[in-house]
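This is the structure, below, for whatever I ask next.
So that you can tell them apart, the chains are marked A, B, C and D in the order they are listed, and the count of residues begins at 1 in each.
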């Protein structure tokens, strides 16, 4: 019973941790990018301020928007948040980590994306449609790639449960496996695409011909936009956590290890987040955005990597029990 | 006994020759004459069989052959040709040479077949059956290599001659007379139909348009 | 396990069939007002049969009955075992929903003597297929099912497209039936043991097994809609009235799946690994191809039919994996794969029926089913829109709805693939997994597109702008299915519990039972340490986080909301024509996938400046399957028949020549041979 | 036995004579129905007689089936014909004088067929069959339109050649029998020939079978000997089409089967099976393709008869219990169904004043009952449940597949091609907007309902009595 309580508390902490740090991560990325462009950039806390500002503004809703348009932000945030809460972050094996495994994680993100795309189409503008259409096209390549990557990891660890996969890799001898390297490459590419980062999308522009994510949320304002922005930031955290827990699982505390271990785990986790955010910033300033129809080639590459990874995992037999 | 066989062979052989002659003719009246000759040969053959097998009722068949096919029908057809103005030439699909060659091949085939199959035949000689079969096949050949109705009737009758020859040659076969009568009725119907319905060249007319109207399922 | 003789449950099913049959007979014979009795009677029959099936599943009853009918030497064998009962449940729940919907149709559009009698007949035939336990009665009812549904497909006969659909459908159905004739011919052997019981005892040779498998794939596969035998499905399913489309797509394809399972898992004996190959390959191909067709299609109902092809592909992959695992001795994995196939059959029957009924509501409300004439219906048909959303979430395999459960199970099964002793299977299973993943993502795209164009945005036609909401029975039917979708998504442990006896019988062992995981409702694949999925917890999480956010935002934020014109980057256009259409939505997908799969090409006709003619963009597709397997053979048959038809117009002389030639040929043969 | 047999043969012939004397068509039509009813009763009475083989006549399990079927369909056709011909007189297509001969000939034809079916003497068999053929020739030409005369003429010529070849085959059989059984009647008695088949000369039997196959095969309508059949069906009065397809083809097939039994009983003679299989398949597949180009509704169903005769011959060619059973069953079902179809077609043609398929549209709108009848007929003949042909086709295909899988592909191919064509034409006629004239149907639909009802019952339930009887017959045919 005591354990259950601890796990429950840990789960609660994680839920609020991820949502609290999410704007900061985005802030760091922006800051890093600005510095590299020799601008001062906004403070790291700027995303929090933006959110609060949006929350305080009135929401303008297009005339023919339906209930779906207004409910969507909350649903998107809910799906993303639940997904983020289930990825191991500072500790593995928390209360509800088992509720959704790798496959379910992909599906939860898929649900959030589908609702976002629907919301984009609700008002009936051409831009909303552009965004939804491109988002779904990207997803048709990114989602299978991600699923295959997760399945590769699951095969290696003999389980699809993310905490157990993380535990496995913590305990496993550090080696470089071709299949895992391919998986990492594929997952990174997917993460870039899913979070609307360069080279697939540019979160900083509203250039009609290229935008994807921004086109979908074009009609949102006020508190709705705030929630959506938060969801997007949360998603970035989620992906970073996922990559970290799969490929850099060190430092993660076992769920029942106690408060000290938790704090240590949390510190490691935050460090990983900062590292990833910086890396992302660097990456984004050093590369140009692609044309939208090159994206399919980019993600096709991710898919191929992921497929090769799982194929190797299947064929080498190293995973056979 | 040998003597009886030899006579029937001779007659059957002559009938076969007549069949070839039918194929050879290119004038319609000559065809009729040749056919009449074949029918008379048949009558003689049937009569001979009736005598040698001791079956007097075969004489009826012989008489039918002689009177109906030897005289009445050739004459009727002759008059019909004159009356209806049918072409006096025999319209041929294949030329005579080729027809005769095919006829020879058919004869060879029937000889080969019958000689092969009736090794155990006692009463009716194998040659007789072979000749009858050859006459039948030649009759059919005539039907398909000649265009107009009259020559086709003649072809059919020649075929039927072969049948009667075979039937009467089969020793003691019941119903032969009845069948020969039935065939005669059939032939009469043939002639009657041609006459009444003016089916001149409906077998294979040169006049395509006339046919287009009636031949089914074009519409 | 030998079956008992007739039990009340079997009697209930037979009674329900009798009710359906009687309704069909009365409606057909009397017509007029008697037609109004069909749907109420069918509801009663469906409730009775569904109850009987459920009771048989729960009570694990196995009953049989033999009647001196049908094939004289064999007799009529009827048997209600677990498999029949499970699929019976699928059928009768589908019929129930469709009949409730039909009540609404009657109320709205009046009675239709071309629909009602055949509806009941269709229901009777499907039930009969499931309880038939000899080859003759199986195929008899199978073909009757085709015939009844054909009548429904051509119910709106004044449309030439429907007639064409009916023709293609019934000819394909006949082809399928003959393939099944081969199957049963092979199984029955020379002695002609046509009862299933006798077939189970027989041990056919490898050649016969291969032929039987081929026949099953062609026969049942074409009925189910496996690529490349699917071509009739997108023609026929949309042509029927919508509640019948729901039955055909949601339910009849499951009867075909039942046929596959019955023949391959039950009658054919212990599997060899290579049996799985056709199921895996064709299943994966169907999953991807079906969706690519669907995502590019411009007709709502046809899109749904194509998506059925995909789902049948998924089920087939499940069956293939089950065969592969079973033959490799991996019973636990086989149980997961089998349950994936069975549950997906169940789930698909629910959400596809829901979607088709919703499409029917759209069609009746607007008179249109082309994407280019719809839009904004969420305002005019709010309830339908909400229910359809449930269907969309389910079919796109999004948690916590039911489509995801079976998808999840299937991926778990794929993950057991490395244990295969056969290299080909080890290679195939990740490939199949990749195809499934691609299909899942495409499904989401496809249904976002559909929902977005039909229900969201602004109306694209006047008819859509004044559409009417469906009436109460229709909404009730959709509501029932939507509730089932949610139920199946949240409480899959119960549906799993239902099929446990089937898993024991066909996979060799059951799934982990309810309570084996962290909570009672946790779904466990193979072992709790390996994979778990807990839909109720996730749903709870979603509700909690959604509520917390909403409350927080509403507490903290400004609550003012203003309605205004759309922003659209500052260029809002009043014309609904400027919206993204279904075709434009599909354009990126078409560019990515279409060129390879359909040889799609674009032709732009851009007038010179000053030229007043409008610019045009033409997109062309080539349906290779249709070209290769339908258009080309049909063309060959026609040209051959035209060529042979000259024989009708020969002269008598030439006919005699034919006869003569036949004689001479036979004589020559005799001369040479004997 | 003799009493029943002579009734079966005698009643129609006697009635035929009476008919020539009755001027009123109503009365003669009634008399026709009455006589055919009596014949049917006499046919049924054969069930009670002891099965035996006399000098001239024979009754065994095989031909009882044929006789009862023959008299039944003859009876129902006479009922149909009564109302149909009435309509033809009203529209002036037939004159009362011709009708008088029509009824007489109808009865005579039935008598001739019964004669062929009950004959134990192969000469008598030949006589009966040929007599029936010649009578139908005249009946085909009864409308005296150029097309009808053309059809009758074609039928006449091809039929006559067929007659001749069959007779030559009969002579050969006699020759074979004569060597073993002595001269005269015994050598022409089927039961004796069959019992002593092993003593006959094998090669002579082979040769005879070839001629009989071509000769009687012409009557069965096997391709490429079929040419007379479509036109004869299309141009004659519809009751005659029904009888041609439903009965005459069967009788010819029956003759073929009798000879097949003799040949098959000789171990050294050729196996008639493969020859029949090939001929059957050629007919089946050829007719299937021909269906696509048909524009005349009666010709369409005539080709379908060729197709089904091909299938039946194929089944008997396969041989064995199951295939023979299926062949017999299919033959009976085909008779009932095809005559029912021709009844419907007669109604349709009278309702729409045309036989052109292109002019028959939207029947399901204008004449729902006819549409149902036509659809039921087409589905029944295509072997769809719940009709009886499904059972026979089920058995044929499954047993063929079980014995030689690759061979089974051919009949199935033919059947599918044919089904595609039939369905296409059916849909054309049933659906769409009705065009052209549209009269009410006056002819009696009772025969149609009766036939389809029987076919339906056969599909669901074959009484054990009937099944046992079919089994014994197929045992005999083995």
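Operating definition for what follows: a contact is a pair of C-beta atoms (placed from the backbone, for glycine too) under 8 Å apart; a residue touches a chain by one contact, two chains touch by 3 or more.
A quick note: this is a predicted structure, and the numbers were derived from the prediction, not measured.
Steps from chain A to chain D, minimised over paths through touching chains, total 2.
Contact counts per chain pair peak at A-C.
Here the CA centre of chain B is 31 Å from the CA centre of chain D.
Centroids built from CA atoms put chain D at 43 Å from chain C. Chain A and chain B have CA centres that are 98 Å apart.
Remark: chain A and chain C have CA centroids separated by 35 Å (rounded to whole angstrom).
Counting partner chains per residue, chain B has residues 113, 116-117, 140, 143, 152, 202-203, 215-217 touching two or more of them.
Residue positions of chain D with contacts to 2 or more other chains are 153, 157, 161, 165, 203, 206-207, 230, 293.
A list of each chain pair in contact follows: A-C, B-C, B-D, C-D. Contacts from chain D toward chain C in the complex involve residues 153-154, 157-158, 161-162, 165, 203, 206-207, 210-211, 213-214, 218, 224-225, 227-228, 230, 270, 275, 286, 289-293, 322, 364, 379, 382, 384-386, 390-391, 393-395, 397-403, 405, 408, 412, 415-417, 419-421, 423-424, 427, 430-433, 459-462, 464, 467, 470-471. On chain B, the positions that touch chain D within their shared complex are 113-114, 116-124, 129, 133, 136, 140, 143, 152, 156, 159-160, 163, 166-167, 170-175, 178-179, 182-183, 186, 189-190, 193, 197, 199, 202-203, 213-217, 219. Taken in their complex, chain C has these residues touching chain D: 68-73, 114, 135-136, 139-141, 143-144, 147, 154, 157-158, 160, 163, 166-167, 170-171, 174-175, 178, 181-182, 184-186, 188-190, 192, 194, 207-208, 211, 637-638, 640-642, 644-645, 647-648, 650, 652, 655-656, 658-659, 661-663, 666-667, 670, 673-674.
The touching residues of chain A, counted against chain C in their complex, run 15, 55-64, 66-68, 74-75, 77-79, 81-82, 85, 96, 98-101, 103-104, 107-108, 110-111, 113-114, 117-118, 120-130, 132-134, 136-137, 139-144, 147-148, 151, 154-155, 158-161, 164, 206, 208, 218-219, 221-223, 226-227, 292-293, 296, 300, 303, 306-307, 310-311, 313-315, 317, 319-321. For chain D in complex with chain B, the residues that touch the partner chain are 121, 123-124, 126-127, 130, 134, 146-147, 149-151, 153, 156-157, 160-161, 163-165, 167-168, 171, 174-175, 178-179, 183-185, 187-188, 201, 203-204, 206-207, 230-231, 234-235, 293-296, 299, 356.
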